[in-house]
Amino acid sequence: MPSTTMPMLRTYPKPMNLDRAKLAAAIDALNDCAQACTACADACLSEDVVAELTKCVRTNLDCADICATTARVLSRHTGYDANISRSLLEACATACKSCGDECVRHADQHEHCRICAEACRACEQVCRDLLATIS
Amino acid sequence: MPSTTMPMLRTYPKPMNLDRAKLAAAIDALNDCAQACTACADACLSEDVVAELTKCVRTNLDCADICATTARVLSRHTGYDANISRSLLEACATACKSCGDECVRHADQHEHCRICAEACRACEQVCRDLLATIS
Amino acid sequence: MPSTTMPMLRTYPKPMNLDRAKLAAAIDALNDCAQACTACADACLSEDVVAELTKCVRTNLDCADICATTARVLSRHTGYDANISRSLLEACATACKSCGDECVRHADQHEHCRICAEACRACEQVCRDLLATIS
Amino acid sequence: MPSTTMPMLRTYPKPMNLDRAKLAAAIDALNDCAQACTACADACLSEDVVAELTKCVRTNLDCADICATTARVLSRHTGYDANISRSLLEACATACKSCGDECVRHADQHEHCRICAEACRACEQVCRDLLATIS
């Protein structure tokens, strides 16, 4: 099932301050990273070695919340405010960096951490790419 | 970019109470519907006839929140509790039905309502399909 | 600092389908329970015996998400739809019951679980009280 | 009903990187602002002059999402990461500033905007106060 992000962006009835293709890619990466982090937190909780993974659970929960909120803010264009988008994208790139760094430490032992680290790296990159287009 | 939902579900380290393919389809449909509803609410706000679309905005916001929360709950399998999944899926199907019904009323005038109505119908169906598998 | 929930409800510019005092009490209890559950999940993660508390963390996360979403839906009155409120309140009471039951099992060992169980019981009760007023 | 934020913080079982009283005040202000913004967005939607309030609705929705996420992140102390807290508090103060500025423009006409503007100002201040304590 293809994402409806881009089809929905195309129907927005007014001019938009950001490039719609870049924006759709960012929103999809944010939603995907939020989903990976929510699943990784739960998979860590179910590992026998959960006591070694508590920082990973915590960073996953933060990253999931921040990515989900950033996707929502970027999906709104009515009364656009560049300051909010910019500062939130910076916070989101920071969270993705931290979560990717933490997950990658467990990537050899836990496949969910390996996949989640990749989603965090991809999301961090699209946040920085989009940030570069916001003046 | 393919969704990481199914790859992440495959890595869950313990037995799971639901069929992983059905579950991944449900989570993807829920996230897609949440995204469509968030975007539709904002597109409605930017229409010149926004005063005729306030119920649509409201139902979109409810449906987005409920779908996002349902996707999160279904992504957790540690200490699974069928009662929570079942009652939340019922609430989510109800919200998708209401939002789909409202969006479809504006589908001829507003393409974003037409696409969003389809996402709501698809999501309502996967919620009901998954519900049928929870004993 | 007193909550702004009731002052805000008083300013809603149209007739409302629910009793404003009961509604404000419910929204405050929901937000309080969401906060308690988020904090309890994190406190459990920091306990040395985290491996015995994984079901508690999971149920806390579910309950926090569902209570927060229910508070949002109950805070919206434009284009009110009784079906959504009713089914979501039922799901929320179910989640509060499950989370309260789980937390109370650890209440003797962990004060955060004791306080969180109380917040869940109080929230379950206000959900059921409000449900009884929705026809 | 007093908030359980401070009682829960007191039960956190490990050392904490932030002052617990300042932190509880911040979390309570964030949750209160999120609630005010959710209610203000809906009250704006129900005003006959909704077409003049669409930017206010949008900024309310952003501010509600960002405040709620910031409250969650600040409620977690396991594996604390100062970079995430700092960047998110900066984004949150920015959102509160924008939302307060927008709400105050309608404060004379709409009491909900006046109360919401106050909640945004208070929340912006606690975010900046807490930021000043994070090295």
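The first chain written gets the first letter, and so on, giving A, B, C and D; residue counts start at 1 in each chain.
We adopt the following convention: a residue touches a chain if its C-beta (ideal position, glycine included) is under 8 Å from a C-beta of that chain, and two chains touch if they have at least 3 such contacts.
Going by UniProt, the chains are A, B, C, D = Four-helix bundle copper-binding protein.
Note that the coordinates shown come from a computational prediction; the quantities given were computed from them, not determined experimentally.
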{"item": "Any chain in contact with chain A as well as chain D", "value": "B, C"}
{"item": "Path length in the contact graph (chain B to chain D, fewest steps)", "value": "1"}
{"item": "Between the pairs C-D and A-C, the one where more C-beta pairs touch", "value": "C-D"}
{"item": "Interface residue identity across copies chain B, chain C - same or different by half", "value": "same"}
{"item": "Chain C and chain D: spacing of chain centres that average the CA atoms, whole Å", "value": "19"}
{"item": "Averaged-CA centre spacing for the pair chain C and chain A, given as whole angstrom", "value": "27"}
{"item": "Residues of chain B whose C-beta touches two or more other chains", "value": "42, 45-46, 54, 57-58, 61, 68, 72, 76, 78"}
{"item": "Sites on chain A touched by chain C in the complex", "value": "41-42, 45-46, 48, 50-51, 54, 57-58, 61"}
{"item": "Parts of chain C lying in touch with chain D, wherever the complex brings them together", "value": "1, 3-5, 7-9, 11-14, 25, 27-29, 31-32, 35-36, 38-40, 42-43, 45-47, 64, 68, 71-72, 75-78, 110-112, 115-116, 119, 122"}
{"item": "Touch list for chain A against partner chain D, complex", "value": "54-59, 61-62, 65-66, 68-69, 72-73, 76, 78-79, 81, 83-84, 87-88, 90-91, 94-95, 98, 102"}
